[in-house]
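Worksheet: one structure, shown below.
Just so it is clear, A, B, C and D label the chains in written order, and each chain counts residues from 1 on its own.
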Amino acid sequence: MTTFASIASQLEGQAIELPSWAFGNSGTRFKVFATPGTPRTIQEKLADAAQVHGVTGLAPKVALHIPWDKVDDYSALREFAADLGVALGTINSNTFQDDVYKFGSLTHTDAGIRQQAIDHHFECIDIMHATGSQDLKIWLADGTNYPGQGDMRGRQDRLADSLAQIYARLGSEQRLVLEYKFFEPAFYHTDVPDWGTSYAQVAALGDKAMVCLDTGHHAPGTNIEFIVMQLLRLGKLGSFDFNSRFYADDDLIVGAADPFQLFRIMVEVVRGGGYGPDSPVAFMLDQCHNVEDKIPGQIRSVLNVQEMTARALLIDREALDAAQSAGDVLGANGILMDAFYTDVRGDLAAWREGRGLPADPMAAYAASGYQTQIAAERVGGTQSSWGA
Amino acid sequence: MTTFASIASQLEGQAIELPSWAFGNSGTRFKVFATPGTPRTIQEKLADAAQVHGVTGLAPKVALHIPWDKVDDYSALREFAADLGVALGTINSNTFQDDVYKFGSLTHTDAGIRQQAIDHHFECIDIMHATGSQDLKIWLADGTNYPGQGDMRGRQDRLADSLAQIYARLGSEQRLVLEYKFFEPAFYHTDVPDWGTSYAQVAALGDKAMVCLDTGHHAPGTNIEFIVMQLLRLGKLGSFDFNSRFYADDDLIVGAADPFQLFRIMVEVVRGGGYGPDSPVAFMLDQCHNVEDKIPGQIRSVLNVQEMTARALLIDREALDAAQSAGDVLGANGILMDAFYTDVRGDLAAWREGRGLPADPMAAYAASGYQTQIAAERVGGTQSSWGA
Amino acid sequence: MTTFASIASQLEGQAIELPSWAFGNSGTRFKVFATPGTPRTIQEKLADAAQVHGVTGLAPKVALHIPWDKVDDYSALREFAADLGVALGTINSNTFQDDVYKFGSLTHTDAGIRQQAIDHHFECIDIMHATGSQDLKIWLADGTNYPGQGDMRGRQDRLADSLAQIYARLGSEQRLVLEYKFFEPAFYHTDVPDWGTSYAQVAALGDKAMVCLDTGHHAPGTNIEFIVMQLLRLGKLGSFDFNSRFYADDDLIVGAADPFQLFRIMVEVVRGGGYGPDSPVAFMLDQCHNVEDKIPGQIRSVLNVQEMTARALLIDREALDAAQSAGDVLGANGILMDAFYTDVRGDLAAWREGRGLPADPMAAYAASGYQTQIAAERVGGTQSSWGA
Amino acid sequence: MTTFASIASQLEGQAIELPSWAFGNSGTRFKVFATPGTPRTIQEKLADAAQVHGVTGLAPKVALHIPWDKVDDYSALREFAADLGVALGTINSNTFQDDVYKFGSLTHTDAGIRQQAIDHHFECIDIMHATGSQDLKIWLADGTNYPGQGDMRGRQDRLADSLAQIYARLGSEQRLVLEYKFFEPAFYHTDVPDWGTSYAQVAALGDKAMVCLDTGHHAPGTNIEFIVMQLLRLGKLGSFDFNSRFYADDDLIVGAADPFQLFRIMVEVVRGGGYGPDSPVAFMLDQCHNVEDKIPGQIRSVLNVQEMTARALLIDREALDAAQSAGDVLGANGILMDAFYTDVRGDLAAWREGRGLPADPMAAYAASGYQTQIAAERVGGTQSSWGA
């Protein structure tokens, strides 16, 4: 097997974007539990995100959600972030919390409501210019709950038209990234339910439109790494929303539910040219820390991605190719499993220390006193959550 | 096939309990849409429920949710309901919205919190005495989100102990009904995830403990009518929570997602002695009308149950038995399908008119002006929802 | 609602292709049960298929499977079929039963084996010229059972190359139709697992390449009618393989497991222009009658498709559009359900009689004595099955 | 974390029974690929199994399948096995390959066929006396493909009666172990589809009746370790059939599809007292090596179980209890993951060598020349497979 030393340099520069909303409260339709120290503002979210980057060196960017993270002065916010050592990343639009969007947004039959949703994306593009963000990420809650409630075909056509208008507004360095989701919040049909629909839509737009793959947005049993392979092959994998799931869109810590699946995904990312400085793929977390602490939840997440990346890089590709060509099923599988079962944690700790980072980021954060500090300081105000 | 005339008398007395919370706002973790006319109080919910019963004659009881429907004087509430022509039904406990229950209720490792959850059920039993309710329905949100977070075995043992304490407090005519659910809000493990667990727990309690089957609480592909058959055979089917689903616990209108499944369930109910005056099975809806109007949503639901009951009763049981014994696969299936494909709606309309009910309850409600009236009158206050 | 009379003329000319292999024995990996009267030759299969068409008028074509249905003289076979009143339809290739294909066919790493698989398709095209068939249907068993066993990306690229070679050989009136399948016989990855992959592959080929949608080849919970809508919108729905399923690729009688799903599929077919004389969509059955009689199993199947087509045509499209635009969720759903719950069987029986067909095709076939006759006559020889 | 040294002694005596049929050919309904060296007789299967035990020390017993492994003289077979260093284990009955069982066996409506199925189990018990086997394992293919085809309730009652007759015939040291399966070969309903049904049936029989949990026999998303916990708690976990799956009952190498799930299962086994000399749980493989070599496939499997057992034993239970009680979600999860991510392979290799076993059993087998030898010697005859 390849040695850790030989792959260590490839770990340099790995970057996983953090979602601002991961630091706010989240929950289920049954209950959102509040926790002490939860940020009230985007500035406090950025401060929390900076903690994650500080102990891991893995998370230099923070994705924003509009309107949750709206501010008056985005240049000031950009500087505020820079002072903390992080940058502003992907801009996520939101057309699922206004009352007008009850029956759709970019797909709505009502021209006025549809325009409102398009305009919201124009505003997001304006913000991107101010923040220096590259990606406009669109996840739509559009869909229906009952057969017959909507005309799926008409909705798809209107979606295409809306996206074309938004795409036309993009700057030359900007991209539109369209996310797909199997179900929820709509329960009969979702307007962008699968990678095929997202691909067909972005392929019709042009080179600056890509697909976003959220690892929790698939039917039970779906082979996600196959989709990773296919989208890379088609040149259309724009970004990841990493998380994990046992059942639906559980939004658990990435790698928590099925670490072997995360490994297989990273194997295909590496295999397909999706990893490294020239990759067009943006890596991002999209998680909800409903019952666990949020900052260490994010630390654990980026470490999981890093550990699995290291394991994926450890694969002896030459031996694997040979075993595959020879029809040596157990041999080929064994080469993959060898990399997966290798405990890279010690090597990574040493590697981290060599870069001035703590060997054990979870312990370092716990020892920092930051959690106690924010719990004490952040009193009053309204804690951030999805509705904030 | 059996004629409608020959089964008409069996439709008399069919009763489907309405959940008070179906009349309040509901939604997903992404958004709860408000609608004009939504009740602010349990009294207004009862008034809405009475509308459903008024046009269908099918819904004489309303289930309460504690603490959502707490009042100072349950006797007064009972009389208020009676004046509207309905009665108070099942009492549903709630141990999922207090902050102390973040890590469990009847299963909690902390003795104090567990006692608080037990005490809540004692209070529910007290309320049952005041309302004249028969059933205490327990659905638990208890579970964990991450492997290792909790000790599943210890939790199960504590659950058994908690249930035993609650069971011991039941009056002689009262029952404890334990609901199971595959997942949500917990995403790794649920403490009562399947009928087997619910059955094992209630079997250990005694004759007054039964299982509640919510039709939306199963793994994908589960043959629900088999479970209906099995629980009836074991004498432990206490009640239904009817709704329908395409993906998870979507809580859609019963029969909306898979009408044939609803039919097959009713076939097994009839086959196993679960239908009729001597049946121990309580039929109840448990739905969320996120995007559709709530009162007509409930009307549609009870009509769907009635229509499928009629179809199930239409099966020529003698011919079916003969075909089954003869190994006549297509013949036996055909007898079942004949009943399913029979359009009973005209016969039911006539049957309804013969009883002084409107032939078309949906149209009758729409024409009644009630919706306009409540939209105009119910201004101000806080609309009911799951958190209210 | 639209009346049956007003849609009756649209039922003329409906044609559902029968698969020759449906008349042979089939089963599971556990056991294939034999039945008296099972055909031994393609000629006997055609004779059986002609029975289905004779009593229903719905099944004028029979799809062949190569090599299962290989003969020396296809012109003679074509005439033989014509004398029976049926025509030869789609040619299905088979690269899953030769030992060389253990690790793949059109995707194989070995150039020689891959060429053998391509050559097999060239042979199929030759046969198509002789039979007058329009469609070459390709379903691949290619895939792997263990992570690492194969290089998914290389396999996809080789698949593209193989398909391009086959596509180049098509005559001007011929089409290539690529089927996708979620899993089985491969258990880790399938080389064409979803509609997106099939679409990306055929889009790269050209106008004569289309997608085949087998209704049993999806992940649990997949909204199949959405895919129907999307493929029609993209102009790439080439054909259906109809069947039904509760769990995996059960290959049950179409409409048997979820009649409402079949209805919704037909609604989208009609909505998207996939039904009628100008439609590019070929309708075909792909079923396995493991425990039921095969000929009546096929009769039941085409009748189910016809009945659901009639119901789909009955929808009051104008009223539906209005309800959808008005956000009238229950109203729109109700219009759809009205059509679904309408019992069209009586009207269809009369319609059939008006065309010289038996009112009750199932009864007519049972009364014909054909089953008894073939059971008596077809003694000796080897009954057809998947391996024959 | 606990050290390997401190748990090493607990690895002594671990035993995983091998299924005789794993050494024969297997496949899907599409194709069974033959491989050189496949055994033709039970004696050759035992010889192959002895190879697995020889290099691992983990597989001292071989389960038989009746009638596949029927011989005239079971005492002779017992001695033959003993000479090879293995013993005969569980007896598996088979009521799914005789034509009479097309519509059921222990559940059949026909009293004669049902008696034949009961008698088959009596014969199995007789064989158990001759082989010295403890367990009679019953897996039933009984079920139906279409709604209405059978009366599920009547079938369940007949099953109970049949099992009672079989149970009554057991010797004092013998056990009946009832397996459940979600679906396949039946596609609408299975007569023992879930653990609840198996539990209810064996609980009605008595102390010598237990449940068999096959890890591939559950609905998508099922939390299998919960069931392990529950059955151990109820005192009814009799045995495991280990394998793994991505989709349905894929019967892949245990731990191949989801190693973390295998780990969690072993964690609950250890937690619930299911591991060690006093455990009533029999561990067995039930796999199909469709495309990989069979003997190394079995070696890989037992090693996977051993490695995951070691990891499960490494958990610092005291620290875990403390974190669980403290509501420290990330801490508790981290303790579990620490054990999972520990690479135990080096320690196990050394441990093996200390016991006179090869450090690398896979390599040792490959180097042994056995595979070449059997490929050369086993020419002619009929290779074993499910039908043999």
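Simple rule for what comes next: a contact is a pair of C-beta atoms (placed from the backbone, for glycine too) under 8 Å apart; a residue touches a chain by one contact, two chains touch by 3 or more.
Which protein is which chain? UniProt says A, B, C, D = L-rhamnose isomerase.
As the structure is a computational prediction, the values presented were derived from the model and not from experiment.
A.B. asks: Please identify each chain that touches chain A (L-rhamnose isomerase) as well as chain D (L-rhamnose isomerase).
C.D. replies: Chains that touch both chain A (L-rhamnose isomerase) and chain D (L-rhamnose isomerase), as defined above, are B, C.
A.B. asks: Counting C-beta pairs in contact, does A-B beat A-C or the other way around?
C.D. replies: A-C
A.B. asks: Per the centroid of Cα atoms for each chain, what is the distance between chain A (L-rhamnose isomerase) and chain C (L-rhamnose isomerase), given in Å?
C.D. replies: Chain A (L-rhamnose isomerase) and chain C (L-rhamnose isomerase) have C-alpha centres separated by 39 Å.
A.B. asks: Roughly how many whole angstrom separate the Cα centroids of chain A (L-rhamnose isomerase) and chain B (L-rhamnose isomerase)?
C.D. replies: Those two chain centres are 38 Å apart.
A.B. asks: If I count partner chains per residue in chain A (L-rhamnose isomerase), which residues reach a count of at least 2?
C.D. replies: 102-103, 145-147, 149, 182-183, 188, 220-221, 223, 246-247, 256, 260, 291-292, 329-330, 333-334
A.B. asks: Which residues of chain A (L-rhamnose isomerase) touch chain B (L-rhamnose isomerase) in their complex?
C.D. replies: Spelled out, the residues of chain A (L-rhamnose isomerase) in touch with chain B (L-rhamnose isomerase) are 26-34, 96-97, 99, 102-103, 141, 145-147, 149, 182-185, 187-188, 220, 245-248, 250, 252-253, 256-257, 290-292, 386.
A.B. asks: Please output the residues of chain C (L-rhamnose isomerase) touching chain B (L-rhamnose isomerase) within their complex, sorted ascending.
C.D. replies: Residue positions touching the partner: 220-221, 223, 246-247, 256, 258-260, 291-293, 296-297, 300, 307, 329-330, 333-334, 340-343, 345, 362.
A.B. asks: Over in the complex, which chain A (L-rhamnose isomerase) residues touch chain C (L-rhamnose isomerase)? Could you list them?
C.D. replies: 102-103, 109-110, 145-153, 156-157, 182-183, 188-190, 193-197, 199-200, 218-223, 225-227, 229-230, 232-234, 260, 264, 268, 271-272, 320-321, 323-325, 327, 329-330, 332-337
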